[in-house]
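Two complexes follow with chain A in common, the first pairing it with chain B and the second with chain C.
Right, the complex of A and B next:
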């Protein structure tokens, strides 16, 4: 076991708790920088997709994992980011400016959606965001002059100045760079008072309110920030898929995003990365699985969403802390080797009491 | 006359939403869980009815209770296997679980019955009543009457039977209900069985008007909107919400540009959440410390 002797208050909010962490994250960073030397273009492309999912996941994690607000409609922000970016690029805006504008616009829309959310909790909020996502999907298919309707719209190739970012190595580094920036932003946000306020709201709205946290302001902010991250991911995704159509941003996409944060582990940024790896690589694994299955099973329509659903159910029942939670348990086991007690990680159950009268 | 005609088809469509919403509300009222797979249970019910009637060639009056019985068992099993381990977990987890369940049910239905749309044959198919030019199909009439009867039955059940009261008690305070001797777990299984049977009824009623395929459960989202518009946790609210959404949808389809009919349910929902988030028949209060 490692005991950290704290001699200064600042140690509580350090990004890296001890040197071991610094070493391993550094090693991971170097490995990521060296990947293009060893991996083929296909896997680089898949990794870029994982990074993009991770950026969107950070957004959703801040909202769901840290503020405790569930959104079933994050595909809408993904779509808003993607379409805004593609539209602005088509109008001849430079790439970085367009990226930032797409982020800001999604963030703004998110904050506006967040305002009615102040009065709602739990399922009401989930359904409101779901309704919003469905409306956005309809707008995408009917607002032909901007979005191209069902025909969709092509996305221009990314380039900064004369430097083209189109080939897979350059795009990989672009996604990696944006993801690293986003992770740092999120980590920093979470150790500021705003981030702490968000966590407080998640744990108990009433006690947060009585500690003087402005609920409305913090929730709207959380929604805006979350939508901004997701919009940013959307604009990168636009380049990844190359051609935008309304059916890229459906209810299933929203649920995949949510699946990502749940499977990864709610309430941790590590979880986002694990979840993104899971979501990004699962379709490949399923494709491999399909080849080995007997054709009767492999031809089942909706097999992929079905397996998504099955995994979601199993994770929720057996490991609600997700992959990151499982990793913590394994690490704990080895750290305390002969003395590991299972009850350390026992979940606290709360019994139901409602405020309903009828 | 055109307006009346639209009104009737709106009411009939609204009843379907209302019926699915009833299933939602029932589970919510008794277990405070939200079942996003309600629409998919309806889909499953419709498919079972199809199998009984068209494949095993049972008469309709036998297939109807058989379907309800099958769905009741499936509902209770779902509760026992999937939802019971989740007692005491946060609402959000349960919500996610039922979303996952919906995906599984869709894949299973696709695997068993395939993806092409089916329809079931009913003894009352095709007939119409002509009231001075106002034409009502028997199917629509059956939907409306069936919904009304089911509502009355449920009202009586919750108001007067021991089990109904036990359900209400279990929902208001799990622990207290357990202390006074209510078998909370068994009550929960029962609630799921009833709710699944209601969606089976919805599935059978709606099957003659719309086709059956694994994706028909998406109606559930609109029914969910209906439940919220009516005030989650209120049985008459669910029906009223369903009627409002059904009627508005019909009129939006005729008088508004294309695309509005599909989203009108969600626009009503968002408007409702903005103006009166607790729904028409509110049953919630601000939480006290």
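Right, the complex of A and C next:
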């Protein structure tokens, strides 16, 4: 077990609480920087996709995991980010400016959507955001002059000045850099007043109000920030898929995003990363698994989505706190090793309840 | 010198007059208790003062300012803090974070400073923490600092809620049945803590309470309500002898 002697309040504020943490995150950072030397282009591409999912996940986690507002329409913000970015690039805007504008526009749309959503929580909000996503999908299909309608639109290759970011290694580093920045911003937000106001709203609106928190403002802000992160992920995703069409951003994408934060573990940024790894890599892992199966089993149609779904259900039943929750328990076991008590994490309630959502 | 004045305050839910033409004033530095049978309108009165409900008629003045139209989230900034009858804490957070949320009204940073965690944001966090630690010391909550609320026993939660309200640095503190669910020993501690808050911090306290022992030990004045109407105001001893009050509790 580790005992930390605290001598200054700064120690509770720092992002890395002790040297051990700093060492392991440093090691992870070095490993991520060295991956391009070892991994093939295919795996780098898959990792870039995981990073993009994670950026979108940060956005949704701030909204759902921290503010307690469910959204089933986040694919719409992904689409707004992607299309805005692709359109501005086609108009000849430089890459970084276009990226920032796409982020800001998604954020603005998110804040506007947040306003009617103020009076709704839970299932009503989920349905309202779902409706919004469907509207956006329709707009994308029919606003031909900007989006190219059903024909879609090609996305220009990413480059900063004369430096091309098109090859998989450069794009990998771009995604890694953006993800690191986003994590830094999100962690900062969560350790200051605004982040705490968001969690206050999640846990009790009535006392949040009595603590001087402006509900409408904070919820709108949460929507705006969330949509901004997701829009940024969308503009990177545009480069990853190379060609945008309305059916790249469907209800299924929204559900995948929501599953990502739930499976990863609601209410933690670690959960976002675990969720992104799960959603991003599991399909590939299942495809690999299929190759090793005997032909009778391997030829069953729909095997991958089936196994995917099964794993999801098992996670939700046996570990409602997600992969991160499970990790905490495993870590706790080793920290207290000979003294670990079996009942420490025993759940008292036999029914499923999402405590982090209203 | 009166800090809070209510004039002809009324609130009706349809035909039910939860608060009916109640006028009273609370002086600076007082501990003012409100008693009454169940359904007398005590908590409703609190909800009117903290602006969770809109008044049907009458007005509330705080520090000379009419607060009956002020938005709910501005009440804390004006210096009115409250607790809830059945505790409304942020269950999934630690005690420390709950108290830091209480500091929300004192924030001076903007969103950009927070996103980048500029030195101004760090300074503010350190200042908040210092103020929170003062409150923790006052109410003896050191043991529970890093514990999540959902794991705490009820008595501690009640104190955490008082602590969170104190983090607003209020000039008026509204306590809604602070002793409900506490054992006799905890209730005794509570009476000392109410005195501490009142005398060391100079906070004016309005308290809804059923425990007459606690009320008579701590209160300067007591107001009795029944069926939404004011029955009597006076010293604890006067109220306990008052024939109208006895009638309200015991019937004719």
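Everything that follows uses one rule, which is that the second predicted complex is superposed on the first by the 321 of 358 C-alpha atoms of A that agree within 3 Å, B and C clash if a C-alpha of one lies under 4 Å from a C-alpha of the other, contacts with A are read in each partner's own complex, and residues count from 1 in each chain.
To be clear about the criterion, a contact is a pair of C-beta atoms (placed from the backbone, for glycine too) under 8 Å apart; a residue touches a chain by one contact, two chains touch by 3 or more.
Worth saying up front: this structure is predicted, and the values here are computed from it rather than measured.
**Q** Look at A:124 in the shared chain and tell me whether it touches chain B only, chain C only, both, or neither; answer first, second, both or neither.
**A** Only chain B; A:124 stays clear of chain C.
**Q** Between chain B (first) and chain C (second), which, if any, makes contact with A:206: first, second, both or neither?
**A** In the superposition, A:206 contacts both chain B and chain C.
**Q** Figure out whether A:162 sits in contact with chain B (first) or chain C (second), or with both, or with neither.
**A** neither
**Q** Contacts for A:196 in the overlay, against chain B (first) and chain C (second): which applies, first, second, both or neither?
**A** second
**Q** With the two complexes superposed on chain A, say which partner A:9 touches: chain B (first), chain C (second), both, or neither.
**A** A:9: touches chain C, not chain B.
**Q** Is A:185 in contact with chain B, with chain C, with both, or with neither (first, second, both, neither)?
**A** second
**Q** On the A-aligned overlay, A:312 touches which partner chain: chain B = first, chain C = second, or both, or neither?
**A** first
**Q** After overlaying the two complexes on chain A, where does the chain B footprint on chain A coincide with the chain C footprint?
**A** 206, 355-356
**Q** Quick check: in the complex, which residue numbers of chain C touch chain A?
**A** 50, 52, 71-77, 81-82, 84, 88-93, 96-97, 100-105, 107, 109, 111, 114-117, 121-122, 124-126, 129-130, 164, 168
**Q** Given the complex with chain A, which residues does chain B contribute to the contact?
**A** 31-32, 34, 82, 85-93, 95-97, 99-104, 106-108, 110-111, 114-115, 171-175, 214, 221, 224-225, 228, 232-234, 258-259, 262-263, 265-267, 269-270, 273-274, 277, 283-289
**Q** Which residues of chain A touch chain C in their complex?
**A** Interface residues on the chain A side: 9-10, 12-13, 185, 188-189, 191-197, 199-200, 202-204, 206-215, 221, 267, 355-356.
**Q** Once bound in the complex, which stretches of chain A touch chain B?
**A** Its residues touching chain B are 64, 70, 116, 119-120, 122-124, 126-128, 130-132, 134-135, 138, 141-142, 206, 251, 255, 258-259, 262, 297, 300-303, 305-313, 316-317, 320, 347, 349-358.
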